[in-house]
Amino acid sequence: MQTHQAKRVAIIIELVMQSRLTDAISEAGVTGWTVLPVLGGSGRSGAWSREGQVTRAGGMVQVVCVIRPDRLDTLLDAAFTVVDRHIGVVTVSDCEVLRAERF
Amino acid sequence: MDQILSLAATNLLSPIILSFALGVAAALARSDLNIPEAVAKGMSIYLLFAIGFKGGVSVADHGIDATLASSLVAGIVLSAALPSVAFGLLQVMGNLSRLDAAAVAAHYGSISIVTFVAATSVLESSGIAAEGYMVAVAAAMEAPAILSALWLISRGGDSRRMDGDLMREIMLNGSIVLLVGSFFIGWITGNDGLERIEAFIVSPFQGVLCLFLLDMGLVAGRGLRGGSGVLKPGVLAFGVVMPLVGASAGLATGLLLGVSTGGVALFMVLSASASYIAVPAAMRVALPEANPSIYLTLSLGVTFPFNLTLGIPIYVSVASALTGG
Amino acid sequence: MDQILSLAATNLLSPIILSFALGVAAALARSDLNIPEAVAKGMSIYLLFAIGFKGGVSVADHGIDATLASSLVAGIVLSAALPSVAFGLLQVMGNLSRLDAAAVAAHYGSISIVTFVAATSVLESSGIAAEGYMVAVAAAMEAPAILSALWLISRGGDSRRMDGDLMREIMLNGSIVLLVGSFFIGWITGNDGLERIEAFIVSPFQGVLCLFLLDMGLVAGRGLRGGSGVLKPGVLAFGVVMPLVGASAGLATGLLLGVSTGGVALFMVLSASASYIAVPAAMRVALPEANPSIYLTLSLGVTFPFNLTLGIPIYVSVASALTGG
Amino acid sequence: MDQILSLAATNLLSPIILSFALGVAAALARSDLNIPEAVAKGMSIYLLFAIGFKGGVSVADHGIDATLASSLVAGIVLSAALPSVAFGLLQVMGNLSRLDAAAVAAHYGSISIVTFVAATSVLESSGIAAEGYMVAVAAAMEAPAILSALWLISRGGDSRRMDGDLMREIMLNGSIVLLVGSFFIGWITGNDGLERIEAFIVSPFQGVLCLFLLDMGLVAGRGLRGGSGVLKPGVLAFGVVMPLVGASAGLATGLLLGVSTGGVALFMVLSASASYIAVPAAMRVALPEANPSIYLTLSLGVTFPFNLTLGIPIYVSVASALTGG
Amino acid sequence: MQTHQAKRVAIIIELVMQSRLTDAISEAGVTGWTVLPVLGGSGRSGAWSREGQVTRAGGMVQVVCVIRPDRLDTLLDAAFTVVDRHIGVVTVSDCEVLRAERF
Amino acid sequence: MQTHQAKRVAIIIELVMQSRLTDAISEAGVTGWTVLPVLGGSGRSGAWSREGQVTRAGGMVQVVCVIRPDRLDTLLDAAFTVVDRHIGVVTVSDCEVLRAERF
């Protein structure tokens, strides 16, 4: 089956910043992304977990964005303005996609 | 003093407080007991809806008091002013960074609606009435403290913390909208409306509150386990002193306004309590560099339990004594 | 007319409708108020179980009416026939593609159980009785419309939309199974069974319905915010005209069958209401090319609020007037 | 015998059992009916809290019986001893591997709290009283069976299955902590406490139990659909024989201790029931090589339905007959 | 630690199609997969979110499948028959696995 | 935007083993990870799903760990001691990260 080169960008970010992030990348012209739930984690700012949270303050989500390689820098620049001061991990990996006309 | 002690004893041995204690104990013992996030959120929606609705019905019942408007204004002023007091106190008692101190200060200007709910249930079982519009005052006190705290930071030269989006998120956060909305629904539908849903929002209320406080206990206990290390003694002490300072400001306000005994007690409770939902969320957006462990542990792990167990009986007793209620 | 207006006014100012309005307003104002998916689903399970059970108990109580079988058949015929009417009407009023029109038509042949629940609660508070087996009619009307709509498409030469899996999913979808199952449980256990669980399924019912409609309001409001652009005026108008057309068909059916006033009103409500759970799911499988924004916005954002606020009072008043009930 | 049959009939036609049957039927028919995990967990927390609390209140009411301590000890001994019986029986009836047999044995030494809850509700509706502290006995019987089963395995030369973490997880698992905690809260607050939350934990209890058993039926039905292939006839038969063996041991214990008719029945129920929460979790950690399909299908798909439908009426009737209750 | 080359296929697809997808790939002989929840997303058919959904119609899930490279085409062909007319994004990336005997 | 080579390790493991796994990798000096929920799956031990589970016994989670390439083996060794006897799938893939100073 025919596939096409693409980049997969995964951004783990606080729930409160999610809409700011997706707004920023939409403005940069990126129209496709998926948001995955995150149960907990650990990093430089300590460990946290979703269990029994009543507050929006503590949660995180993962925003995944599959994109044409030549658009990667635009996306990263846009994402970085939001992630910059905030907790968040950004990873980029290679992947291939079916139905490339969609990206 | 006797009254305080007896009220404290009754309070401490109520199913509500014992459920909270069970939660704290389970979390400290690292039991895997936990209440799913969705269920906890569902219960908090139930409690907000019920408390707002009942407040509205009570206003429909007793008519608008002349003190309604002045109480709302007073609430806003208290919420806006208390962060400066807290900020100053923290400068004396702890040595937090300006950012951490401002973030903590925002929490203590704002309010904890569960503390408010617990207090109304103590008032009820003591047969002390309060103005129904106090839930509207509670809603009005949620947000101003956040703006105040950001202003404290911006005075230090650090600005651009606030934008339109954040403003909307703060003003229209779910708990404010639900509280105010159900208050108006209760007001509009009055006793007829209440009769239709009484078996849902009145009778099981105390029981739901028990399970909700069990969850709060679990969360507070986990916070204490993880975050207790970050709090220096001075900051810890702030978590008990600030509620008393806030309560005094609430007391003065209530007496000045001439509200009922219950109203004075609730002004004290609101001023004494610290937010743990709306403000932390706003702080993550506006002051991401501030350490959440500090403000969450302080608000949820120290001040909330203090108010729940000792604070409320003290505030109710003092209010009763000084209003002759 | 007077009766319609007074019933509409009572209805509009009930806690149920005001909760829905609060949800819509909160969503339109982009508040972050939201009810967790699991809790919303839990409430819908509660409502289905309660309404089915009570229907069954009422059948156990009053015995099987001679009209039970004919009502079931009539319901199935209505559900199967209405999509053609809707499809025709859409061809006149909007200029949707055949696929989109068929998908919309399926929704209007099927039913919305929450509209049904809201209507029974209006009937109850107006003291109008209805046949208990109407919940079984509601269940029977869920699925035929889907087959009808797929047949409309297949006439256009596009077939192979339906397979065994989809058929089973449609016939055994959760809400049908729960409604029919609890109907039988209620029927079998009768008043003895009801007594044991009355405090759960009867007393708090109205209150749960309030919170559930708050959530429906949030969902409808979000849909309106996102989807309002996709609906042309003609299609929008269809969302109000079609319920009236459906209600007329329901009225004729009810009068023909000779059911009670409440029964006629419920036949009108079922025919007037549009599905927003079972049918959208089936459409995603069978007609993935149809645009969900169109049928969901129409069903949930236009027709549901219309029926809830104005439709139900109209249907109940007309049924009362024409049956002399 | 007559009493057994009439009690069984009443039991089988109760809303509770019919709800369970509906769940099983829906799952076997592959309906997509499902109750969200969070809601199911919320209901189980409610049931545990309510049953524990009511047990505690009853102890506060009737004072500590001389049999309390001996009943707790007897419960622990039963839980520790029954796995060996089950293990032996499995060696005769099925030909499972030692690991699988030990894992199954652990489940049958421990208890199912929902079976216990269902039994108390049968006792209540038959007007048979039981000692309030039986919920504490239930809690005490959860864990010992796990240690016993691991000891059975270690005798075969395979050790180092247990460590401190696992021990803490078993002893402080959520359901034990909640049951014991709410038992103490009920004991401390007594009838005053009960009055405050009665409308929450007593009146809607039966109804919540219906929905919870609907979910249990769905889970059991799905398990049967997926796992029925793994169970050989001998093992299947064990799922019905072992409860009867366990019940006999419970009967002897109850009669020896001289507890009330209800107490004897509950000893039988606890011994007859098999765990499906705490023990499976512990087995995944300690005996990961054992096949979960075997022990889950047996406990949830065979023994649980057997006890719920036939077992409980049998145990209650036998207890009544032998205690002259 | 010894690892082995494999392919990781991630398919974002509507909830209503999940069992049809997993049935199709099982029939093609693929026996291992994992289903992850998805909170929301955006694509050519607009944005959507899990919040307050009462309906099965709106949700999506992500099905992840780790597979030996030589089996990739079988998997993609099977998946494609289901995804074809439907909303859905298919990505393929390289990965390494421990305990290769399991795949 | 400047990125740095890293490894992304994803471990699907039973819920009951989650804390044992994260404890083990913390002890090996790994301080950053994220836990994602899993709805269901299929493997050699059959299919399972989250639906209607009342028990902790049946669930799984995915633990994701982004790590410097030279630390990979330490991580895998630590993880393996826990995963060994248990159900679980471990995959490793290449990725790039922003803000490498965090890892």
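Think of it as A, B, C, D, E and F in the order they're written, each chain with its own count starting at 1.
Convention: contacts are C-beta pairs under 8 Å (C-beta built on N, C-alpha and C of every residue); 3 or more make two chains touch, one makes a residue touch a chain.
Predicted model, so just to flag it, every value in this text is computed and none were measured.
The set of chains in contact with chain B as well as chain D comprises C. Graph distance from chain A to chain C, where chains that touch are one step apart, equals 2.
The chain with its Cα centre farthest from the Cα centre of chain A is D. Residues touching across the chain A-chain F interface largely differ between the two copies, under half of the numbers being common to both.
Distance from the centre of chain B peaks at E, each centre being the average of the chain's Cα atoms.
Centre-to-centre separation between chain C and chain D, using Cα means, comes to 41 Å. Centroids built from CA atoms put chain E at 19 Å from chain A. Averaged Cα coordinates give chain A a centre that lies 34 Å from the centre of chain B. Touching of two or more other chains is recorded for residues 32, 34-39, 41-42, 199, 203-204 of chain C. Touching of two or more other chains is recorded for residues 36-37, 49, 56, 93-94 of chain A. You'll find the chains touch as A-B, A-E, A-F, B-C, B-D, C-D, C-E, D-F, E-F. Across the interface of their complex, chain C is touched by residues 13-15, 18-19, 22, 25-26, 29-39, 42, 125, 199, 203-208, 210-211, 214 of chain D. Remark: chain B residues 34-35, 37, 40-41, 44, 165, 215-216, 218-219, 222, 226, 276-277, 280-281, 283-285, 288-289, 291-293, 296 touch chain A in the complex. Remark: chain E residues 12, 36-44, 49, 60, 62, 73, 76-77, 80, 83, 89-94 touch chain A in the complex.
Chain A makes touch with chain B in their complex at residues 14, 16-17, 19-20, 45-47, 49-58, 85-87. By the touch rule above, chain D contacts chain B in their complex via residues 36-39, 41-42, 45-46, 49, 53, 168-169, 172-174, 177-178, 181-182, 184-185, 188-189, 193, 196-197, 199-201, 203-204.
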